[in-house]
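The first chain written gets the first letter, and so on, giving A, B, C, D, E and F; residue counts start at 1 in each chain.
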Amino acid sequence: MKKVEAVIKPFKLEDVKDALAEIGITGMTVSEVKGYGRQKGHSELYRGAEYVVDFLPKIKMEMVVGADMLEQVVNTIVEAARTGKIGDGKIFVSDIEKIIRIRTGETDIEAV
Amino acid sequence: MKRLLLVLLALPTLVFAEDTLSSGDTAWMLVATAFVMLMTPAGLALFYGGLTRSKNTLNTIGMSLGAYAVGTLVWVLVGYSIAFGDGDIIGTGKVLLSGITSESLSGTIPELLFVAFQGTFAAIAVAIASGSMIERVKFSTYMIFAALWIVAVYAPITHWAWGGGETLNFGEMDFAGGTVVHLNAGIAGFVVAMILGRRKDYGKAAIKPFSPVLVVLGAALLWFGWFGFNAGSEVAADGVAASAFLVTNVAAALGVIGWVALEWLIYKKATLVGGASGAVAGLVAITPASGSAGVEGAIIIGFIGGALGFWAVSKLKHMFKVDDSLDAFWIHGLVGIWGSIATALFIADYAMPEDYSLGSQLVAQFSAIGLTIVYSAIVTAIVFYIASALTGGGRVDDETESRGLDETTHGEKAINL
Amino acid sequence: MKRLLLVLLALPTLVFAEDTLSSGDTAWMLVATAFVMLMTPAGLALFYGGLTRSKNTLNTIGMSLGAYAVGTLVWVLVGYSIAFGDGDIIGTGKVLLSGITSESLSGTIPELLFVAFQGTFAAIAVAIASGSMIERVKFSTYMIFAALWIVAVYAPITHWAWGGGETLNFGEMDFAGGTVVHLNAGIAGFVVAMILGRRKDYGKAAIKPFSPVLVVLGAALLWFGWFGFNAGSEVAADGVAASAFLVTNVAAALGVIGWVALEWLIYKKATLVGGASGAVAGLVAITPASGSAGVEGAIIIGFIGGALGFWAVSKLKHMFKVDDSLDAFWIHGLVGIWGSIATALFIADYAMPEDYSLGSQLVAQFSAIGLTIVYSAIVTAIVFYIASALTGGGRVDDETESRGLDETTHGEKAINL
Amino acid sequence: MKRLLLVLLALPTLVFAEDTLSSGDTAWMLVATAFVMLMTPAGLALFYGGLTRSKNTLNTIGMSLGAYAVGTLVWVLVGYSIAFGDGDIIGTGKVLLSGITSESLSGTIPELLFVAFQGTFAAIAVAIASGSMIERVKFSTYMIFAALWIVAVYAPITHWAWGGGETLNFGEMDFAGGTVVHLNAGIAGFVVAMILGRRKDYGKAAIKPFSPVLVVLGAALLWFGWFGFNAGSEVAADGVAASAFLVTNVAAALGVIGWVALEWLIYKKATLVGGASGAVAGLVAITPASGSAGVEGAIIIGFIGGALGFWAVSKLKHMFKVDDSLDAFWIHGLVGIWGSIATALFIADYAMPEDYSLGSQLVAQFSAIGLTIVYSAIVTAIVFYIASALTGGGRVDDETESRGLDETTHGEKAINL
Amino acid sequence: MKKVEAVIKPFKLEDVKDALAEIGITGMTVSEVKGYGRQKGHSELYRGAEYVVDFLPKIKMEMVVGADMLEQVVNTIVEAARTGKIGDGKIFVSDIEKIIRIRTGETDIEAV
Amino acid sequence: MKKVEAVIKPFKLEDVKDALAEIGITGMTVSEVKGYGRQKGHSELYRGAEYVVDFLPKIKMEMVVGADMLEQVVNTIVEAARTGKIGDGKIFVSDIEKIIRIRTGETDIEAV
């Protein structure tokens, strides 16, 4: 099984989730993160002082999928999350050794 | 007969003011006092608390709440006596409100109400000064400082301006405390900020305010309370109070406009923190003038107050090395000076004294400003050193500063989601 | 002799009202004005700001704060003159409050206070309308719109209803501004929402309010301020003011009950946003009737106000394509119409005019409603087009809309944890 | 002639009080009523809501808002009639305010205003009690309980104390409701907490308050509103009102100091929740004494009130198994008893009745305390069982309790970032 | 060394932490996440409009443990976090190459 | 490619970010987490009741880097994040199979 981590722009979350649902991915875990990259932050003001916010709000999606689904999942995310502008984010793929579903104790591919 | 009576009823209350309680004036002053009370543990607490970083928000709020509690106690113990007791340089004879009963009058209102009204001024003055010290002053040091400062700095200055002292009263026009409260507090804050030194990460880290929502709410409550502050300083519900109310409102509005307009021109941003700060600057500016300025004066005083505030905190401030964290000096002190000068400049036709001389009035204004700066600076420093000594140093240690005082001193967090 | 005097003191103030300042009435109106002031930069700001998505909360609050600042300025410049100056169709002669001094009276209170009181109405009217435009209108467009709208829409309508104009006054009973303020603002909001078009994700994305806590606090402050709005509209501290106070309170309570009861029946949920909205709906409904309704009337008016508000935003609204984002039209406009009709229907025995005719009164109510709708709709549109033109289009670009105006226009965030 | 008239004007209003409306007194009472109103849906709502865990914050706020809405309705329907109608054990004859017009006076103010003023007391009493029940009581049960409790518990107790009933009036000095409101509410809360049982994780999980910022803001608004509560209980703008105002302020300040001083001694922390709670404890303590205590009395009453509150919730409470979640009993009930005793002990010279006997006054105080405890405990229990039965049990199910009532009952979240 | 990531129901955090402490696991990192899975979200109201919240609050626990402890850790979590109702969450196991303790510079198994 | 996860003290974030920028690491994702470890939490008060907060606020930084950069990155973090006091945090290194840059579709080392 593979773990796909995608860092995307916050307002793309709904689109990506819907696109993944269409290809049958219904399990995922999402968190709010801050990203630092080529995309430059915006400036904020504090009582007449301007400062640059270099961490930008991003959404990290994590989902573990069977190896067979990997390519489809990655492509789906890329398509749904792309705006073509800098800061669209990245996808990281890594290996997962084992999955356990807490409720049932099922493991591995049945637990996805 | 009827005619006669009506004429009588319409007579200015001045003549017999000392003799009779007016339920109308008393009603207004009960409310005005409540309004000014709200300014400290709610208005200023939120305004300052919202401007502070989240790790020190509660500490900042606690300083306002604590200042109000301690200030109220000290005021009835000795503050009122020093400020409004008999005497030239210093008042005496009213310790613990001795001799005052529920029948005692102060003009047309009960003296006990006058005590309460003036006490709210003392408390907010020292709470304003706390804005310069936040994120590093020890809570215990500040609380002791607050008590001492009201006794040694605030009460005497009030006595000279309003309490009947003559030698040190230069005839300054200061209707509601531009010099007594705001300049005084601004100077005090600045001096303590100098003594404390800068926050370790001042000028390095981006300082994000906990919440501009609270800042605006705090400013709105300050604005609301300021009607009690300014129109209440007439100590009667009459035409002058009405005029003070109106010009207060107008100057605050123009303060918002002045600050945000400049910000927009320079940064292409219209911040809420700026709008709220502008309102406060406009209110500070009109305070001494609120009993005498007309609507045109208020427009100018407020607009310049807001613009000056912006310019002070965004440019002028950076030429100094002092970390006046929430700009108590720049907004209350500097803008307070502007207000005092403007008071002499912009007087409504209907409020213009017959024998008015701008030149000598300006001298009076500057004399009072000068005295306040010198006295407040020196005695604030002394008082702060005492408070520091009593609490083993006035500044928290480095770890406390970096973790924030909410967690370390108060054992709490501003918000637990 | 004693008797005589007492009788005299008890005489209705009406007779000599023009001659004498009443400190009691003045005390109340000072406070009432402060109460209504608080409604805009605190009450409405939090109510609306809390209902908005977090990325636009500050922008929404800024519109209320800005409306109050700009409205206050415009009001003393020309608004008051148009609304309360001499003239039939339009008032004149009081630009920059010319001729008014601290001695001028308006009834038993200083005219300067009356100016301030009425100014708070103008400001809140345009702030209410902002609720329909949020999350997409340009901040600069709105600020210019606010100034123009008060001059061109609010002030004339006020003149006709309360300012002495005769030709366009149909004898509507509108004690505190149900038509003048609420319906007027609701229509204005709706028209601008139509011109602006819908938010891009309206009806698609789940719109989560930033914080129902702020919504309730805002509604509570509105309720509090509304005592000044309604009971203050008596411009005296007397039995009618007391009656207005009581029925205002009762109608607000019933508005809560009406809204939440229906919600509970239909969704099995009792939301806080609903309770707060119901309070506002109840308050809107009682506004024109507050000087004449009795307690039974208030119960009915408030309950139906709340229930109607709920039905309007949960059902009726969806039959229209207009994105009236915070429902200014549905809650202030539609419920305002209900209030105007109800005013004619529910009059307390003790307030019933001797020669009352329900039929002709209803005609008067509908005439004023009709005039307000037509005039407000047309002139609002004109004024908004002007404001748009002056600011290069009235709507933000798509990226700004999706990132939110707090970050883009104001450079700030509602809360930094 | 002039002299004569002035003497006349200065005559105590008592003599002719029934005959004449005083615009000054009315002005003050309009405001005082608004102040007390603000205490429930804003002051208490935020104080309690901030102390609750974030998953139940809205539910807690909703109980205050709902209590105010339902309480207002019930009060005008029957509550006022029971409390202030004619009769010894129970009042009658004023259902739906029958017979009261805008001309009716109650002393020097319109009776309709007195109705509104007293209604705000009924509402806050039952809202205070909600603090003991939060995080597990069903919202619907509580709402029905609130209505019944005002009718069956609050209104009768008020009638005995203030409404003209004689048999059950023991001559207790209770100026503003220390026993009627606070002790009564504290007992009611405690009894319902016992019936409901403890929260499942009480004493196990760390309970983090949603936000001390809201707690302080709530306390500040309560303090502000309490001026209306206490000084308003004089029902006139006079010297006694002024005295009540001043001592209320002083006692609240000392409550803060008393609580935080102990906390600092014991835990080396000065919490904001503690400071806010101390203010409330000080205010509760001074309530019955506010019409008679002087400034020294207020200092002692407030300080002990704060210290006692701290000791009660940090030590005494843990000797009982009852989960009085937000300490309504400890802070309003226990401290309320202290206030009642202190009222007899600390009387200002100027308020001391000529024939005062401490012994018999203490008997009167304890008699009223005893009656209130017994009656309130028994009838509260009955009334709560009825409310439970009508709503299919008074406690939410386990899942609702662990997910929180905000999500389950209200379908909302306190804050959506 | 193995990394164990567990997504659990928020109110189970204390129980799981205590259970892990008992078997000697004292290092872990926890974050607030939102989960999307079979468990359906609840509905929220907004001024008379009902909408479904499909992301549910969850807690993600991450801990790196020696390979020998893996089974015991997984079993402990499953036991402590299980309610038997849908939405109990999942455990993912993956490989960790290297650990460094910042304070001391210790690496690998000593650094756990 | 390697994924470096560092759990550090919040007030060290700026320093670490700057130090990494100096060695050319400009992409990273940061989140707020709570840590449980040897460092004991502080105590909080609730109305006269003291309770111990055993989860402490920490920052988790995640960055994916080429294997060649790994050592340098780890050393840089250790240096910049160390205070020498307990609770300084840890660094975990694991393997990443694949990276995709959403904007361009670039993969692997070009996508870092």
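One rule holds for everything that comes next: a contact is a pair of C-beta atoms (placed from the backbone, for glycine too) under 8 Å apart; a residue touches a chain by one contact, two chains touch by 3 or more.
Note that the structure is predicted; figures quoted are calculated from it, not measured.
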Checklist entry - From subunit E, how many touching-chain steps at minimum until you land on subunit F? => result 1
Checklist entry - How many hops, at fewest, get you from subunit A to subunit B via touching chains? => result 1
Checklist entry - More C-beta pairs touching across which pair, B-F or C-E? => result C-E
Next on the checklist: Looking only at residue numbers at the subunit A/subunit F interface, is the share used by both copies over half or under half? Answer same or different.
Outcome noted: different
Next on the checklist: So the centre of each chain is just the mean of its C-alpha atoms; given that, what is the distance between subunit A and subunit D in Å?
Outcome noted: 52
Checklist outcome for this item: Whole-Å distance, C-alpha centre of subunit B to that of subunit D, is 32
Checklist outcome for this item: The distance between the C-alpha centres of subunit D and subunit E, rounded to whole Å, is 46
Checklist entry - Can you list the residues of subunit B that touch 2 or more other chains? => result 5, 22-25, 27-28, 31, 208-209, 237, 267, 269, 271, 273, 410-413, 415, 417
Item to check | Interface hub residues of subunit F, defined as touching at least two other chains | outcome: 31, 44-45, 50, 94-95
Item to check | Chain contact topology (line, ring, star, complete or other) | outcome: other
Checklist entry - Can you list every touching chain pair? => result A-B, A-C, A-E, A-F, B-C, B-D, B-F, C-D, C-E, D-E, D-F, E-F
Checklist entry - In their shared complex, at which residues does subunit E touch subunit D? => result 11, 14, 42-45, 50
Checklist entry - Given the complex with subunit E, which residues does subunit C contribute to the contact? => result 51, 206-209, 263, 267, 269, 271, 273-274, 277, 310, 313-315, 327
Next on the checklist: So in the complex, the part of subunit D that touches subunit C is made up of which residues?
Outcome noted: 4-5, 8, 16, 19-28, 30-31, 33-34, 37-38, 41-42, 45-46, 49, 57-58, 61-62, 65-66, 68-73, 76, 96-97, 101-104, 109-113, 115-116, 119, 139-140, 214, 237, 409-417
Checklist entry - Which of the residues in subunit D come into contact with subunit E in the complex? => result 205, 402, 407-408, 410-413
Next on the checklist: Going by the contact rule set out above, which residues of subunit E touch subunit A in the complex?
Outcome noted: 2, 6-8, 31-38, 54-55, 58, 60, 74, 77-78, 81-95
